[in-house]
Amino acid sequence: MNRLEVDFLGVRFPNPVVTASGTFNFGREYAHLYPLRRLGAVTTKGVSPRPIAGAPTPRITETPMGMLNAIGLENKGVDAYVADELPWLKAQGARVIVNVFGDEAADFAHVARKVGPYADLIEVNLSCPNVHGGRLPFAHDPAAAAEVVRRVKGATDRPVLAKLSPNGPILPVAEALEAAGVDGFSLINTLLGMRMDLERKRPVLGNRQGGLSGPAVKPVAVRLVYELYRHTDRPILGMGGIASAEDALEFALAGARLVAVGTATFGDPYAPVKVIEGLERELEARGGRWVDWVGAAHTPD
Amino acid sequence: MPASPELAPPRPRWDDHAATIVASEPLGPHQRLVLAMPTLEARFGPGQFLNLSVPGHVLRRPLAPSRHEGTEVELIVTPFGPGTRDLVRLPVGTRLQALAPLGNSFPISSGDAALVGAGAGAAPLAWLAERLLRAGRTVHVFHGAPSAEDRTLVQTLYERLGLEVRYFSEDGSLGRRGYPTEGLAELLAGGAVATVYSVGPFALMRAAAQLAIAHGRPGYVSLDVHMACGVGACLSCAVQTAAGQKHACVDGPVFEVQEVVW
Amino acid sequence: MNRLEVDFLGVRFPNPVVTASGTFNFGREYAHLYPLRRLGAVTTKGVSPRPIAGAPTPRITETPMGMLNAIGLENKGVDAYVADELPWLKAQGARVIVNVFGDEAADFAHVARKVGPYADLIEVNLSCPNVHGGRLPFAHDPAAAAEVVRRVKGATDRPVLAKLSPNGPILPVAEALEAAGVDGFSLINTLLGMRMDLERKRPVLGNRQGGLSGPAVKPVAVRLVYELYRHTDRPILGMGGIASAEDALEFALAGARLVAVGTATFGDPYAPVKVIEGLERELEARGGRWVDWVGAAHTPD
Amino acid sequence: MPASPELAPPRPRWDDHAATIVASEPLGPHQRLVLAMPTLEARFGPGQFLNLSVPGHVLRRPLAPSRHEGTEVELIVTPFGPGTRDLVRLPVGTRLQALAPLGNSFPISSGDAALVGAGAGAAPLAWLAERLLRAGRTVHVFHGAPSAEDRTLVQTLYERLGLEVRYFSEDGSLGRRGYPTEGLAELLAGGAVATVYSVGPFALMRAAAQLAIAHGRPGYVSLDVHMACGVGACLSCAVQTAAGQKHACVDGPVFEVQEVVW
C-alpha cells in the first residue's frame, strides 16, 4: 500500500512532497544526491520572459528560525531554461511544476506557453510587482491577478496554480482567481521582513527588505492554508517552514493536498527526501493514507 | 568567458558529511576548530570551503579550511553574528554536518607569492602558503589587524610553516602601524615578480587587487558573499564579473582580480 | 551621561525599554525580582470596561522561536484594576502605559477616562474585534479605528498610542489615525497563526487560531516599524520578538523610540532588565545615545 | 471561596535559579533527570513545580519534581513535543535555568491515601507517597500504562520507598488489564476511608475525582494546563472552578476535586 500517493488536478504524484520555487533551482545541483523522480515534483525557480540580473548583495540573511531573501527574481529567461534545463529535468523522470512570472499578464502567458510542454503544473507567482499597477504585487490586486490567471489559462492546457502572498488578505484574491478559472492554489510565499546591521547601521540586505521563510513562518502558513481551505474547493499546495514529516502533516490537517519544502533544503539538502521517508513512517505508525489527513482538522463551526 | 582552466579543475561532487568537533581552542578573538570528517574522501584545496551546520540555525555557515590532514579539517572561525558565536562555543564531541568540498581553490603561482590577509582570511592563505612552500615558491606574508589581537592566530598558522609574517596593526600595537597592503605596495614597487593572493575584508582585497593590476601581476581573491545553499541553487551569492554575473559558491569563491568588477 | 534617557510625547523615560501588554500583567508577579521603576515603563494587560473570562484552553502553544496565544482578552474589568492594581503600580514609582480595549469606541473611551489618572500613556489595542463592525478588528477598518482614537482623545489628557496589527496593511490605518489626532503608534501586535495537534488532529489552541509573537516575528516587526517611520512624524513604540539589546537596537535603527519586551519575559523574567543593561553596555561600546540610533537606518531613497 | 488553608501555605517567593543536569537516565520511555540547584533555598513540596528552560525554545517547560534532597531535584520527563524531546537528550553538565518553587502542593491526608497515576504523573505522586509514609499513613498506589512500558519507572520511584504498586495495563502485558481507576473503585467500594490523589491524563483524573466524590472522600488532582509564564502573569492556564476562573500556576496546580468544574 502506497500511503503517500495523491492525485492533484489529474496528475498522479507518488508522494505529496515537492520542492519550493527558488530553493532548488532546476534540480541539477541536487541530482547527484538522489534521483529527482523520488520527489513528488520539482518546482523550478521562477521563470520570466527575459533574463533578470536580480538584486544587489547581500541577498540573504538569517533570522531566528528563518531567513530573509531578496534574490530579486534572478533568472536566465524562459528561452535558456527551455533550451538547457527543462528537457534535462523531464529526462530525469521528475514531475515538474514550473513557476512563472512577469511584468504584466501577457508575460506570464508567454512563459507558460513556452514551458507548458515540460510542465505537469504551472505555478503563477503573484508576489512579483505589477509593473503597470504601481508596482503593487499582483497578489494584492484581485483584478490584475485574475487577468494573469485568465491569460495563463488561455496559453496552456496544463493545470494552473496561483501562488498567494501572505502580505495581504488572501480571500478576496482567491475569489477573483476562482472566477478567472484558476485550478488550484499554492501558499504561502514569503512574508515581508527586514534585519538591521548594527555595524553599518543599515538594513542587512542590499534590497533593504526581503521575504521571510523557514520554520518561523510555519504557524502563519498553516493558518492561511486552513483559512483558504474553508473557502475553496480547489486543491492546495501548502508551504512555509516545512522541515519534517510532522510539519507536513500539520499542513495536511489544515487542508494542503501537496506540500513544498523550501528553506529546509538549505539546512539539509536531503530534507525533501527525509520528509518523504518520515511521512512513510509517520503514516505507518499513526495510520491512514496521506489523503485521509488532508483537511481532517476541519470540523463544523 | 569561462574561468581560466587552473581555476576550474574537474571537481569531486560534494555531499553532506558528518563532522565531529575534535578540538576547539581560542586564538585571541578567533577560534581554532578541528573537525573529524571520516567520510570525506575528496581533498580540500586552499580556498575551497564547506558549509557547516550550526544547531538551532536554519542556514549553514560557509568556512574555508586552513588545513586538511588525513580525516581532520582545521578551521579558523571568527565569532561575528549569532551563528558563528554559537559555533565557537560548541563543546568538543559535538556532531555537525558539512557540505563538502565546495567551490574552487587558489592556483599555485609559477613564481613568488605575496599573501595579503586579515583576520580569519589567514585560514585559506596559510594553507595556500603551505602548498606554495611545498611547490618551492618564495612566500611573502602580510597580515593586518586592528591591534595585536591576531598575534596567536598568525603564530599558530604561519609559524608552524617556518614562515615569517609581516604584521600590520591599525593602532601600531604590534608590527608596523598601518595596513598590510602597504607591505604589498613596497614589495611590488621594489620590483618583485610575485603573484598576489588576498583574503580579508572587501576593501583590503580591492586594494590588493588594484596593486596587482597596477603592477601587471596576476592576483586572486576569495570573495566573501552571503550564502545560503552553498551549491548554486539559491542564487544568493551573485558576483559581478567582466564575463557577467557569476555565483561565488560555484564559480568561486576564488576569482582572478581582473575578472572582478570592483 | 545617561545614554538611555528618552523623551516620548513629553514623558521622560530613564530608558526606552517597556514591558509588552499581556506579558507582564500589572507587574505584581515580577516586583520581587527588581524594582518596577527600573523599567522604562510597565505596559499593563489589556483592560476592558467589564470583566472578560477569555478563551478556552489551551491558550498558548510554542512554535519555532515563537509562541501562539489566544488568551481571549481575559481581564477583570477596569473597576477592579483601578481599585487594586493601578494605584499599587504607581506607588512602585513605575511609569505606566495602560492598554485599553472594548467592543466599541465608547468602551475604549470609558476605560481611558477611568485609568487616565494612573497612566503616563494610553495604548489603544486596535487588534480586538469590532463587535459592531462584523467582528473585523478595528485595526483593519480605518474609519472605526479613527473613531476609537477620537473618542479616547476626548476622554483623557494623556498621550494616546494606537497599537497596530500586522495582519493587514498598516499605512491606511495609520493615516486615518493621524487625522483623528493620535499621538503615537505602537506595533506590532501578534500575527495570526495556527498549530496542529497531530494526536487529536485538531488545532492545538482552544480558539483554533492565535497570535504569533517572539523572535520568529522580529523581521516582520522591524520592517513594519521601518515602513511606518517613513510615513509618520509621530513617535513609535516598537516591539515583536525583542529578547536582547541588539534586537532593541535593530528596532531603534528602524525608527522605534521606545521598545517593548513581551514573549522574552516568559523565557526569562529578567529579560526586560537584561535588555536595559545590555543597551548600556552596547551604547558604551558602540558609541552614541539611544536617541541617536532612532531612525538612523533611514537614508534617502 | 478561597482555597482551603492546607492548600495555600505562605509560599516562599520564586526566583530564577541555575539548574545543572547532574544525571540523566532513561526509564523506559521516560527520562529521569537530576538537577543540581544549589541556590534554591526553599524546599519543593510534592505537586509544586519548576519552569525549566530548554535551549533553543522560547518558552520554559513546567515539571513537577519527584524528589528534592539537599541541592538535588529529581524529575521524570516524558518526551512529548519538541521541547521535552530536546530536554531528555541534553548531556549531563548542561546548565539550565529554572523558575522555582512554583505553585501549591498536595496536602498530607489525615488517614489512608490512594494514589492513582499514569506516566510521569507518578513523579509528584511518588514523592507525595514518601511524605505520606513518613507521616505514618497507609498508601495504596494504582498506576496505569498502555503496556508494560512503565515497569522501570514504577520500580525506580515506588520500590525505593518499599511500596507495592498495583499496575494496570491497557493491553494486559503487565499487572491487570484495564485502568488504575478500577483499583481505586474496588478500594473505595470495599469501604476504605482513603483520601484520593491523582495525576495523569485529564480523563483519568476526572474518573478518579468522580469516584472520590461518589464515595464522599476528599480528593486532589494536579491539573496539567498549557503554561507560558508559570507565575500568574500571562493568564494562559485558566481553570474553571466552583469559585470562578482560577489559574493553575498560582492557584494550583493542585486542586480539590470538588472545586474543579469537570
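Residue numbering begins at 1 within each chain, and the chains themselves are lettered A, B, C and D in the order written.
Methods note: a residue touches a chain if its C-beta (ideal position, glycine included) is under 8 Å from a C-beta of that chain, and two chains touch if they have at least 3 such contacts.
A quick note: this is a predicted structure, and the numbers were derived from the prediction, not measured.
Asker: Just how far, in Å, is the C-alpha centre of subunit B from the one of subunit A?
Answerer: Using C-alpha averages as centres, the distance is 36 Å.
Asker: With centres defined as the mean C-alpha position, give me the subunit B-subunit C separation in Å.
Answerer: Going by mean C-alpha positions, subunit B sits 46 Å from subunit C.
Asker: Distance from the CA centroid of subunit A to that of subunit C, rounded to the nearest Å?
Answerer: Going by mean C-alpha positions, subunit A sits 34 Å from subunit C.
Asker: Which positions in subunit C touch two or more other chains at once?
Answerer: Only 65-66, 214-215 qualify.
Asker: For this assembly, give the contact graph shape among line, ring, star, complete and other.
Answerer: Topology of the interface graph: a ring, with each chain touching two neighbours.
Asker: Using the contact rule from the top, write out all pairs of chains that touch.
Answerer: All touching pairs, sorted by chain label, are A-B, A-C, B-D, C-D.
Asker: Going by the contact rule at the top, pick out the subunit C residues touching subunit A in the complex.
Answerer: Those residues of subunit C that touch subunit A are 63-66, 68, 168-169, 191-196, 198, 201-203, 208-209, 212, 214-220, 222-223, 226, 241, 246, 249-250, 253-254, 286, 293, 296-297, 299.
Asker: In the complex of these two chains, what residues of subunit D are touching subunit C?
Answerer: Residues 13, 15-16, 53, 57-60, 81-83, 97, 99, 225-229, 231-238, 245.
Asker: Of all residues in subunit A, which touch subunit B in the complex?
Answerer: 22-25, 29-30, 32-33, 45, 53-54, 57-62, 65-67, 69, 71, 74, 214-215, 263-270
Asker: Which of the residues in subunit B end up touching subunit D in this complex?
Answerer: Checking each residue of subunit B against subunit D gives 55-56.
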